[in-house]
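The data blocks that follow each hold one structure.
Each of the two complexes below includes subunit A, the first together with subunit B, the second together with subunit C.
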Partner chain A sequence: MSDPHDWAPSVPAVPDKRPSREHVLAALKATDEGDPNLVQLLTPEGERVSDPRFDHFAGDVDSAALQELYRDMVLVRRFDREANALQRQGQLGIWVPLLGQEAAQIGAGRAMQPQDMVFPSYREHGVAWTRGIDPTELLGIFRGTDHGGWDPLATRFHLYTIVIGNQCLNATGYAMGQRFEGRVGNAVGAGDDGSMNEATVCFFGDGATSQGDVHEGFVWAAVYDAPVVFYCQNNQWAISEPTERQSRVPLYKRAAGYGFPGVRVDGNDVLACLAVTRWALEECRTGNGPVLVEAFTYRMDAHTTSDDPSRYRLADELELWKLKDPIERVRVNLVREHAVGQEFFADVQAESDALAARFREHCLQMPPPAPDRMFANVYAEGSPTIDAQRAEYLAYLESFEPEGSLAGAGGEGV
Partner chain B sequence: MTVLTMAKALNDGLRAAMERDPKVLVMGEDVGKLGGVFRVTDGLQKDFGEQRVLDTPLAESGIIGTAVGLAIRGFRPVCEIQFDGFVFPGFDQIVSQLAKLHFRSQGKVRMPVVVRIPFGGGIGAVEHHSESPESLFAHVAGLKVVACSNPADAYWMIQQAIDCDDPVIFFEPKRRYWEKAEVDLDAAPPPLFASRVARAGSTLTLAGYGPVLRTCLEAATAAEADGHDIEVIDLRALSPLDLGPVIESVRRTGRLVVVSEAPSEASVTAEVAARVQEQCFHSLEAPVIRVTGFDTPYPPSKCEEDYLPDLDRVLDAVDRSLAW
Partner chain C sequence: MRREFAMPDVGEGLTEAEVVTWHVAPGDTVTVNQVIVEIETAKAAVELPCPYAGTVGELLVEPGRTVPVGAPIIAIETAEAAPAQAAPADEAGAKIGEAGKDGRIATLVGYGPRPGSVQRRARRSPSAPPAAPPPAVPNGRHVRPDLPDRGSPVAAESPAAGPVPLAKPPVRKLAKDLGIDLRSLTGSGAGGVITREDVEAAAATSAVEPAPPASPAAPTVGGVRREPIRGVRRATAAAMVSSAFTAPHVTEFLAVDVTETMALRDRLRGTREYAEVKLTPLAFVAKAVCLAARRTPEVNASWDEAAGEIVYYDRVQLGIAAATPRGLIVPKVRDADTLTLRELAAALGELTATARSGRTPPADLVGGTFTITNVGVFGVDTGTPILNPGEAAILAVGAIKPSPWVVDGELAVRTVCQLALSFDHRLVDGEQGSRFLADIGALLTDPGLALTW
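Then we have the complex of A and B:
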């Protein structure tokens, strides 16, 4: 492991013991404009720039691969917007928009290998996409038909965690298990595909960094050398609370206090997010975990469809971030540096519209769960209490509907 | 037959489970080198190594939260919470994740995690070391809650809890850790989630669990001198409750006294009383009477003899029921 002093970037001189409010804000809000500690490979203007530490981890991204990343982001944004519209039309109870965080999520998601495990928060629709989870499988949570329709073990994408920060401990425990099972730090010989080494990626936001579970996750991961990438999407806002309500120091710098590296990456730069996450995963798989990545991005929409950002932030701020849009810079780069023609962009647009149509159609046709759905799977080994309540409630329902049975899903397994 | 203390019986049970299944882990504060503050895990780290008996950082949410992750990975963690009053930092993970993941995943993710909690008072301890929080857990859907009362149950129940594919909150009566009894290591144990008639009788039913079970048995013996033939039932499973034997008993005796150290309001004893009146209404000769701790915080230890249901308070309730 490198010297911890190397991880800590130069801190501006602080005249008093307490940093001023301006000092705190300047550090927290450091953007891609001249911050030497922000990893960036693609500027907002679409120019490919070099970063000697991380270029290597994006070296294989040719025009075709960059087009794939672009496609991912466009498709994810498209179904995200469709879901927002579905909520406005009363088809979803709520939606959690990811608008603006496409690069942070696609870059991290595409850095992973199939054997890696993911613990998301609840805004990771883009990461879900990279794990092969069809966007329609996300709908049940927001329409109220289930708490997550996918198989967390088969997809290696855990269920969304809504209690802020809980998943950081669950991810750390899972990663401890990867280490206990000897799936970390194995020599990769010629001909090996590397899948004998695993890592876990835990997603959370800037607000979550104030939670005790995130702190405990950092402590545990550090003392057990757990192969976990803590991937913080700092989207600047925890509902109405700005990052300075959570921290006096930039979030990535906290890692040094726990004894592992922290890196801040331009979260709107898909190439940089890909490269930094690949690096972080390699560190973890080779036994140098954990690692903290702060993807510096912006929540361009509301916290959820129930939120009203106009009550706490200025529209100007959004306008500023629109200039750093994660998708536009890739489009410009593809056109200017890879001579990608209009046909490609039109095709992606058509594909995204088709995805949105299928997504909408699926949503409208989702059947309501059977009335006894709630009694299923409370326990793996069943419970006589729940069996009795289920039978009693179904009998109650039957008393209104003498001709048909309302029983749907099975009861508790015994 | 072997004579064991409850602490040693638990230790032997843990050892047997660890020998059977390499995925069983023991984790908690001071459980390794020290063997736990009550020595329940004594010697396990020496024999199974630091990767199966984890001296964890001092953080209860961390203990439960990482156990959840380890269970997702396929392990069967047995977490020790050092004292009852220290479980609350882990309560969020227990309620929000441990209890709900099987349901949320529609059965795809199992949570075979045991959370061991030494509980109850009577040891002259300082604050937060003598509480009986079992009702808080019994109220949570997705958890199973049990309490052992004697070394034989301790030996078998801990193994059965580890074998269970659901999360089990396992309460151990700390003031009974050093009481000895014979344990038949070869006998087939009763099911985990079953109450048990600890003493047969015909005039009154006395039900309890954990540390007060012995008090109940002593009360039955004392009442014998007055010609009362009391049946004592060890509830053992607090969620789901197994009230079959209680109901069968009350239908014969017509009288029920329920005993627990926990406060009475919204408690396990309240649930027992409610269900018995639902199912034994026509058999009851007297109201169900409860003998419990008070609805106060656990008092300073010099007051705990007044707080804890003792032999006299149980006998007083027995007398009141019989005199109804």
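Then we have the complex of A and C:
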């Protein structure tokens, strides 16, 4: 067993030839360090390296485009940190930090075309950013005033799904619909912009791969050739459970069992994530879907603000991953290979601080939604039952004295 | 303008949190998102960033106090002017004023929004005409007028009248099991909620003297305080029990005349090299342990039951048991045997300061090979220390104090310290344990001996 990745579980001819448990566990992480199975275009040291399979898909990324990717990641990280602070100040009920996963999300998000559809889990703040959703629009969910305020059809970004892995079913169904409606595999003529071909991207984590919904999604997508990119951000931890409690094969290899390709990409390398996702989307749009992408990354903060990772993982693991920071390597590359000056980085920093200030201000000023809001979008065209409930609820609220005659301290939710 | 920062719920449904350490003091300038305090909840230790920029006016909660979520913990003077019409803030302002007169901490602790302050908007009086007749809904149906008024104000105004007062389901179950009528109790919890303690107190009262019903909350029956076992306490308990029942402990004692060592310490303290470090007797003990362990490697080893092997360590990873506000933790000095006395002293100073402030990283708590516990700092002469699991020996250092001592057949006053060494008899025999302890004693009695080793 020289290469653990060549190991295919089968009945061994000679019992000794079975890999040891340690061998198998090592394989879950082995591609993290210079393994040919890991697609990488930017090393942690910021050096642009070549990958004959995927270089082509990042060929158009010049200095300006790379600067845009850098800017995306810095802004996303900045508002993520601000949201974390707002939770600690009692302004949000909970926050789900994306720290460390900026490259995995920005790379995938920027690979999409406007017509592609996205089904996120609940950590995809970076992907939301690339779909043009203002970060302030995410706040309602975490402040408990809204279930998500953006229009999923207009933004092509579904509402956050909290149930782990559940969105794989929705995404697969949606992608099957794209296929049934003939929006896959159309010949692109000279004057066409290619927008008649679509794909779906489904985001989930390493923990979700253990869910039945994900398995079902894989099965259906495979047998219906659905144009869906299953984009798994393997951030190594499902709350407190490590990947070795999810799988005995590297996650991207699971795709083979369903009959579609799986690729492992350095999830902290925004360029590689962009290239691999572009490839995967092209496969799907041309009718070769589905595809599994495992973005190998790391959750540098807690699972959520309610979690304390110091109780289950050692600090040195985090220190190790800090050396692979997704933003730092782009910064180094911009300086070394594109001679980008300090001014650019200062500008981005200033822009991110301004974004954070606007984000904070919006959070503090957020009005509670009108009481009838929760009845508004239950059905597309209304329903007598819901209408009656709305009327009853509004009448109930009307039975109170007006706001001015508050009997006690304000601000206390009932 | 004075702004107060209320204890947030940092973990989905927590009701209280303990203030562990303040990182700022009154008068300090703070910026938005500057870390100002560390708190500990049932779920996690968390650093809180400041929501306002300004000057710290007052810390409203002392470290070590647990306060309910919503209680103000710090007041910050911000640059912005107070709003002209302070109408909605009036209520809160009055409370703060009262608190200031009454004394800072006493009144503000336990002051959250919940105790008695869950107030609802008044209902329109029943005599008034209904504000809006049930509005016609688009499909022509009407809201049924016979629907029960679920938020009946009667219930809110006189809680004792009919319905059972608020209590959580497990508490209701407990009351039922103990035969306590919840209606007879006054809740001491937030918003008048009946707590487990209320029910238990009532049960205790009714058991002892069945006559007086519903005496106003008697939480001090028997003067018992119950605290959940958690965090460091739980980890300590598990480690100690596992150690005590796995490793056969032997403890040996030795009283040592450390007069020479203390004299050496005083001389060294005056030198430039030691100007920057706090040279404690513990540093000498640590040095002596490292030197002695070189002659008795059995004490720097561990018993690997699973592998059926004894593991001897080349280096000494020296654990120092430290009492911290959160309980006992044992951070390690790495490769202590390679350090000079000065380096040891510096490392110990840093280690204990980090531990006391609760910032010891998890990585510093694992992988020890030998432990020193300095019970002397509590004025105690000696004890029988329990091994840190996985280690072969542990040394307790008692108080260093003047004692009668026989020198050359004469009684003299010398500086004396008691040492106690516990070792795992599975891998350390009496001979080795005794030699090790005697070596430490000899080095502390005559530090010059170190030259000869």
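For this structure, a couple of remarks:
Here is the rule we go by: the second predicted complex is superposed on the first by the 349 of 414 C-alpha atoms of A that agree within 3 Å, B and C clash if a C-alpha of one lies under 4 Å from a C-alpha of the other, contacts with A are read in each partner's own complex, and residues count from 1 in each chain.
By definition in this document, a residue touches a chain if its C-beta (ideal position, glycine included) is under 8 Å from a C-beta of that chain, and two chains touch if they have at least 3 such contacts.
Treat the numbers as computed from the prediction; the structure is a model and nothing was measured.
Of the two partner chains, subunit C is the only one touched by A:93; subunit B is not. In the superposition on chain A, contact of A:212 is made with subunit B only, not with subunit C. In the superposed model, A:159 makes contact with subunit B only, not with subunit C.
When the shared chain is aligned, subunit B and subunit C each come close enough to touch A:384. In the overlay built on the shared chain, the residue A:151 is in contact with subunit B alone; subunit C does not reach it.
Of the two partner chains, subunit B is the only one touched by A:175; subunit C is not. In the superposition on chain A, contact of A:240 is made with neither subunit B nor subunit C.
Shared-chain residue A:195: touches no atom of subunit B or subunit C.
In the superposition on chain A, contact of A:85 is made with subunit C only, not with subunit B.
Subunit A residues in contact with subunit B (one complex) as well as with subunit C (other complex) are 384.
Taken in their complex, subunit A has these residues touching subunit B: 119, 146-148, 151-154, 158-159, 161, 163, 166, 168-178, 180-181, 212-213, 216-217, 219-220, 223, 376-381, 383-386, 413. Those residues of subunit B that touch subunit A in the shared complex are 51, 56-57, 59, 61-62, 64-75, 89, 92-93, 96-97, 101-112, 141-142, 144, 164-166, 239-242. Across the complex, subunit C meets subunit A through its residues 5-12, 32-33, 43-51, 88, 91-92, 113, 117-124, 130-132, 134-135, 137-139, 141, 143, 147, 150-151, 361-363, 366. Subunit A meets subunit C in the complex at residues 82, 85, 87-91, 93-94, 302, 304-308, 310-311, 314-316, 360, 382, 384, 387-388, 391-392, 394-396, 398-401, 403, 405-412, 414.
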